[in-house]
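Given below, in the form of structure tokens, are the structures.
There are two complexes below, and they share chain A, which is joined by chain B in the first and by chain C in the second.
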Partner chain A sequence: MAKKSPLPKLRERDKATLGKLTGLADAVAKSALAGREPKVEIPLRTKGNTTWDKKRGILRMGDATADRELFNLNQAKQFMQTMLHASTIKDLIEIGKTSSLRGVFYKAKHTVAGTKENTFDGQEESDPILEDLEVTLGALREELHIFAENRGTLVGNITIIDKGDEINARKQGSGGWGIPSIVEADVIQFGKCEAKFVLHVEKGTVWNRFNEDRFWEEHNCILTHGAGQPPRGVRRLLQRFNQELKLPIICLLDCDPWGHYIYSVIKQGSISLAFESSRLAIPEAKFLGIRAADFKDCKLPDAVKITLSENDIKRAKEIAAYPWFAEHKAWQKEIAALLDNGFKMEVEAMIAKGVSFVTEEYVPQRLKAKAWLD
Partner chain B sequence: MSTATLPDAPDATPCTPMSKKPAPRATAETMGARQRDISVSEFFAKNRHLLGFDNPRKALLTTVKEAVDNSLDACEEAGILPDITVVIEDLQPDRPASAKSSRYRITVVDNGPGIMRAQVEHIFGRLLYGSKFHRLKMSRGQQGIGISAAGMYGLITTGKPMMIQTRPKAGKKAHHIELAMNTKTNRAEVTVDEETDDFPLQRLRDLPQARGVDVLDPAAYPTGTSVTIELEGKYQKGRGSVDEFLELTAIANPHAKFTFVRPTRTTDEEEDVPLLRKAKGPESGPASPGMEPATPATTEDLGAMVVFPRGVTELPPETKEIQPHPRGVELGTLLQMLKDFEQSEKGGSLYHFLQDRFCRVSAGTAGDFCEKIGVTSRTKVADIEPPQAEALYKVFQEAKLGPPPTDCLAPIGVQQMLKGMFKGVRAEFYAASSRSAEVYRGRPFLIEAAIAFGGELPADEPARVIRFANRVPLLFQQSACSSFKAVAETNWRNYDLQQPRGSVPVGPLVVMIHMASVWVPFTSESKEAIADYDEIRKEMKLALMECGRKLGAYLRKRAKMKREGERRDIFERYIGEIAQAVEALNGTDAKKLYEALLAQAKRRTAIADLELDEHGKAMKDEDPADQEGVLIVDAAGASPAPAPTPGKPDPFALSKKEAAALKVAALAKTEHDEPALLRAPAKSVRAKEAPKPATKPEAKSAAKPAPARAVEASPTPAKPAEPAKKPKPRMRLVNGKYVPVDDGPSLF
Partner chain C sequence: MAKKSPLPKLRERDKATLGKLTGLADAVAKSALAGREPKVEIPLRTKGNTTWDKKRGILRMGDATADRELFNLNQAKQFMQTMLHASTIKDLIEIGKTSSLRGVFYKAKHTVAGTKENTFDGQEESDPILEDLEVTLGALREELHIFAENRGTLVGNITIIDKGDEINARKQGSGGWGIPSIVEADVIQFGKCEAKFVLHVEKGTVWNRFNEDRFWEEHNCILTHGAGQPPRGVRRLLQRFNQELKLPIICLLDCDPWGHYIYSVIKQGSISLAFESSRLAIPEAKFLGIRAADFKDCKLPDAVKITLSENDIKRAKEIAAYPWFAEHKAWQKEIAALLDNGFKMEVEAMIAKGVSFVTEEYVPQRLKAKAWLD
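Coming up: the complex of A and B.
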């Protein structure tokens, strides 16, 4: 038996991806050798090319594409970067390894021959190129052997099998289980699950409060957070809980436009990843709070108010105008109430009513009353 | 008593000045006894500043200038290509450093036709004597004051007479004459008059400065004149110096060769204004013997002496003398002309007078004029009364007449100006323009302008304006000169130059303006500034605008080339990466792919730059006229290296240094002044059709302190130098690309 197998046997899915990559290169080579200027057709990831699928309640990417041309001053570098990343991904697939976004950036980063210019100046140049490749090739990120940094944490009444290892989410101490970037069924399977719903909170501090108060135990749920705008791994996992385990997803987010948009992304999908909406969006997700009316209802002190900035107001109005909010009367009222208040509130504001007010009174009461927006 | 207080001259009226004795009053008789002719020379001896002898430094310059002007005029009139040598000897080399001036001996030798013995005294010993004053013909000198005034200045300051050697007949002995001018009689007194074989003076050839260099080779001076004047002066370089004068004269007279032997010691004050060229400094040493100093087309400064080589071998066209134009004469002149005519043609009619003594007056026009002032065609000039003459003068002003003939004017010519500027100014871009003749006060004149831009010129100083009148540089009173005003009034901002309001542009720019006329209106007798006539200034501005447009077109083109270069750079930079990535992905041969993409990049940038400007809008086709009269030297680093034309040798294969040595200019006009555009194929065809048999001595030879740029050897009767070694193809910048130039004829 050889010490190192030169190349692992390719899985079917990898073969398909490799075929797509070769096709991309073939098109470039063919037009170049035929004297035509090479270009790559890339689906547009813009709001303009995003349509609202009202029936399914998710955002979808439209059919519009843009040509990325080599002989265009504004696109030449991106064209080069696209080809470089395509070749990097091919390497990853062939050696059967995955790499982080940052790893891929470093792998493709070098100085352009004969110059002092870097192929990539920073990861912020590299990441969008990879997303371009995803949509161009119609391949998921994991199919490209790329993952993002782990972000988001889970704890709760469920057993998860991660690459064959059994994770008992009930026994994750104070830290919880880090949700990986790739949570597809071939990596993550679900074991025994007693939980009846998922409570997704905005960020780690709130999650810590709920975990310390053993909220998930008392209310028999799964508790997750996505460190702000949840990454794809968290969203995909939530969607699988919802679709495979039929668990309702209930969100506890800040009372500000950013909280509202996190909910929107979880529920309908995001504009830049609209092509993945069917894999990520959870149209049934519910928004439990914080609500604009809570300031009065909970008799919160003035100290918790954070005045809306101009940017907040602008963003709130933008969100109100999104088609998936525009036709939603309750949400129009909610955003109007927020603007009317003139201030925003974070989930942590509830601490003004007692350290565990939010876990012991606010959330249980709301859950009981099913007082949420959806 | 009131009367007792009166002054002691009781008979004096109160308004008389008080004096002890009443002065004897002048009578008409006593006054008449004192009244006499004032000799012109006496007048100028007292008023020498009027002639440019204000101070020792200027006196030195004026003396050289007058002698050189005369020499050039004489050579050209005789159809001889001028070869003029100026030698300044310092006669008090041991003077203390504090001395404000010193005694110099100035000798100017030309290869002109020489002077008939009988004329010598008149030419050199008399003010206001000359062949040029009385005729309407374009020449450098006008009044016949200059050289005799210089001689007089020398006489006044040193007591030494002027020394003249002249050989009017080749192979014969030369006359050696020494003469001093008597300021009272306006006549020269000859002190020495002998015949000699010593021409040009052996003494000058033996000067230490001239050692090792063939100065004043007798073979080059078969005929000619040498003038020597000793005077109190001051030699100092910089603005307004002999150096500058010769330098500028060489620019405006590319057909002439000048050699300047400097004095051994100069006044210690250093120049503060740099000259056009950067002096090489004395360490360069003299050229090695056997090397003809006239071969390079750029000026060589050898420290102890400077050689301004000949740039072109054609003399300026011979100019014709013209009759005055009716509109150009004033009433007094008209009356004098009538009188002169009556004297020479006793009983001549006005009808004939008009046709005979004026230009552009036909028989019909003359008849009209007679009719208008109420006389017949048979009326005699003698019978014309002053009121009729005045009426005639008025008729002249109103008459519709053709402009005066212009064959009396000899422009320097676009080609020659470019050659002259190229030789004297180290720039990157040269443009010249020659206007057609116009008229001021009935006198024809013609304006030419040239500009040199970039290269070694200082980038952040006001442009230097060099002014010429009938090919003579004007060194003083710049701001009083019409040409300077024209430069300041021209809007250079239109041509992508900086220009403070109401002032000359700022940038690496030299502006040359030349006015050619049968009578240049100077503001003073020292001929330092051109008077500000509207007609003249307008023409100057038009000529400048023409040059400016060419410069603007060039600058835009340069910017465009830069854009093209940057753009191509970007594409080319990435193509290699892409080819490798594609090869890694699907196994396409990276090299093949690279070449295919490179070809596309080149095509793409060429197309884009032809059709689009930076805003993506279509650019106007360039006016081919903008490319005429233009000379472009691609100085190293001055512009981005443009890409090679496919199929032609790749200049990038050359090292930077080699490439710099190969920078050769594109020139729009040929020798025959026909508009030849910068089209490479046409050029090469011409090159094949007319190969010149003469071997071109290669200018940049290792033995010489060679100028850092390629120069065309001028086909002067040079000693056959080593056949040119041409290891590299000559390249020429054509339409933003390098194309090889056939080793054939000179571009000029």
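Coming up: the complex of A and C.
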């Protein structure tokens, strides 16, 4: 049989989270003993309970909550599910391990003794309960020891210390260092950093172009991508680069509503994760391109045009109406120019001007001229 | 303006590929000058032209070809597309750069002068032309300087040299080293390696579990995942580990037809890439689990069962009929046991027995007993 590891010493962050979990359980027990209905107050993660904090430049969750009661037929199952997951998380923290959303689902999934009722039927029931716990406890998912699939890669002029391992991001070859899902300061620390900014690109294939041309070396930066909409690990790491190392975060995304939305999430946060904006959003993030005007400015050929679909047009208008875009004149112009063009363009389209046009001319010129939206 | 890099010295591999490209162009030119119809012979990438090489234990492409002619109304466009891509690839090789499938598509996409006809309408037209060139030239996509999205991560007791950078895979923290798309020997070399085998797992979340528990350190191995069906870069790297370092490749995949298919592709190759089997397939690869019998053997709870869908049953029967499974008694039993169970199981299901059951008990016990299918 395999050896069992001894229980680890708890980190400060973990002690705090455990305290919150115990508080939750105590409150439930106390009201039950006092003859009151056991219940948990869950903050609402809805658009209606999301506010735009103009001063800080981020989305925030409002104060509205809903009760989840044990003695309510409609809520008893969710109440039980919430307690089950809270218990799994407590175990994970105590043994100093992390698990995936799917792992936590499997851990809690069983048939309730003496019945044919399952605690959870599918993971789609389980994930929202974990988000409920995040907001209720005011603890990030990472603090609950739950990780997502790792996604996104990094290379550049920085040394990163990850669980004690020194990762020299200047020496990661063509592969790069995989950005983990949990990047809090007790796991990931920053060593020597010469980089003056971060260039964040949308996709791995574009990242490859910049890495192959050693853009980060010539322009002294860190190069990241998030494989599309960046996962929480990437967003949190970018925010830490920005806040702790004071590095500007400069985004190179497609010229389409999806690219604009990715930028919006990086910069202001998202509605579904509004409760985490203060730890994920980067109000200073800049949008370097691709800009709608680039078609003419860069004399791109017609072949790079991709006609906007009905849905693209709808999304572009929705994004333009977001309060954080609505009051931003330059962004109103940008979205209007996209709609006026009637077509979108991908970063890869720049290859029409030469394999390395994007790394040797387009981005360096924009950087030099500080030609970005912010 | 940005500086232009001088043209690099060509590698041996690149000289060979350029020779093949020139040969193709010469043959076309020669037949045109001789008054014959310019044409290219393209080997067929169909199931009918795939044979099972029992002796070598890999799938192979047969000898059947189809002509692609310039003066054939149905083929003229594809002929032109083939030549366009051949030309882009020649350029890429000469400047020593690589590009993505999408990049090559954009490079070749334009409106034919004097017409309203596009060279390519979508990438779905472009990708098969690149595969045609691969088989016609007998050159891997990587040799044509075309990369795919990087996918998959590695950590473990090995040093890897990637474009001159020494990557100590023992010191990659929680993130791991991202496996690049192009891992040929002139880019990636192996340094010191203590590892005695490779454990390849299906998903990043499972990989996280094994990395967090530092399985690779305790069991002296390399730990990889391919984010589902592993991309070519991961398969090629695993094959190089197996052939050059003589490391067994041991796979931990879900107990379902998809897991079996992933194993089959790693081991014998796939029909669509049969022409590359000799550089991608690993006939010695082993399937450690999850096995259908594990439900009883590991005393797993009912909750881990996921009922097989109609489609799962169909796929399982198809896979059982593959010649390379059909003649394998243990695999016939395994697939019959899966169908008999009526349910599938994921690797994550092992969490029902404890967070680290899979890393501390399940896999170590199977390794010790050499309890795998091969």
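Note that in this section the second predicted complex is superposed on the first by the 314 of 374 C-alpha atoms of A that agree within 3 Å, B and C clash if a C-alpha of one lies under 4 Å from a C-alpha of the other, contacts with A are read in each partner's own complex, and residues count from 1 in each chain.
Assume a residue touches a chain if its C-beta (ideal position, glycine included) is under 8 Å from a C-beta of that chain, and two chains touch if they have at least 3 such contacts.
Because the structure is predicted, anything quoted here is derived from the model rather than measured.
Trainee: Taking the superposition as given, does A:112 touch the first partner, chain B, the second, chain C, both, or neither?
Mentor: first
Trainee: For A:62, using the defined touch cut-off, is the partner it touches chain B, chain C, both, or neither? Pick first, second, both or neither.
Mentor: Touch status of A:62: no partner.
Trainee: More residues of chain A in touch with chain C or with chain B?
Mentor: Higher number of touched chain A residues: C.
Trainee: Now for A:212: first (chain B), second (chain C), both, or neither, which partner does it touch?
Mentor: A:212 contacts chain C only, not chain B.
Trainee: Once chain A of both complexes is superposed, is A:356 in touch with chain B (first), chain C (second), both, or neither?
Mentor: In the superposition, A:356 touches chain C alone.
Trainee: In the overlay, answer first, second, both or neither for which of chain B and chain C A:76 touches.
Mentor: first
Trainee: Counting only touches as set out at the top, which of chain B and chain C does A:171 meet: first, second, both, neither?
Mentor: second
Trainee: Using the touch definition from the top, say if A:228 reaches chain B (first), chain C (second), both or neither.
Mentor: neither
Trainee: Taking the stated contact definition, name every residue in chain A that is touched by chain B in one complex and by chain C in the other, in rising order.
Mentor: Dual-contact residues (chain A): 91, 119.
Trainee: Help me check something: in the complex, which residues belonging to chain A touch chain B?
Mentor: Within the complex, chain A contacts chain B at residues 21-22, 24-26, 28-29, 32-33, 35, 37-38, 70-71, 73, 76-77, 79-80, 83-84, 86-87, 90-91, 112-115, 117, 119.
Trainee: Which chain B residues qualify as touching chain A in the complex?
Mentor: 567, 570-571, 573-578, 580-582, 584-586, 588, 592-593, 596-597, 599-601, 604
Trainee: What does chain C use to touch chain A in their complex?
Mentor: 1-5, 91-92, 95, 97-100, 102-103, 106-107, 109-111, 118-119, 147-151, 153, 160-167, 171-182, 187-188, 203-205, 207-209, 212-213, 227, 301-304, 346, 348-349, 351-352, 355-356, 360-361, 364
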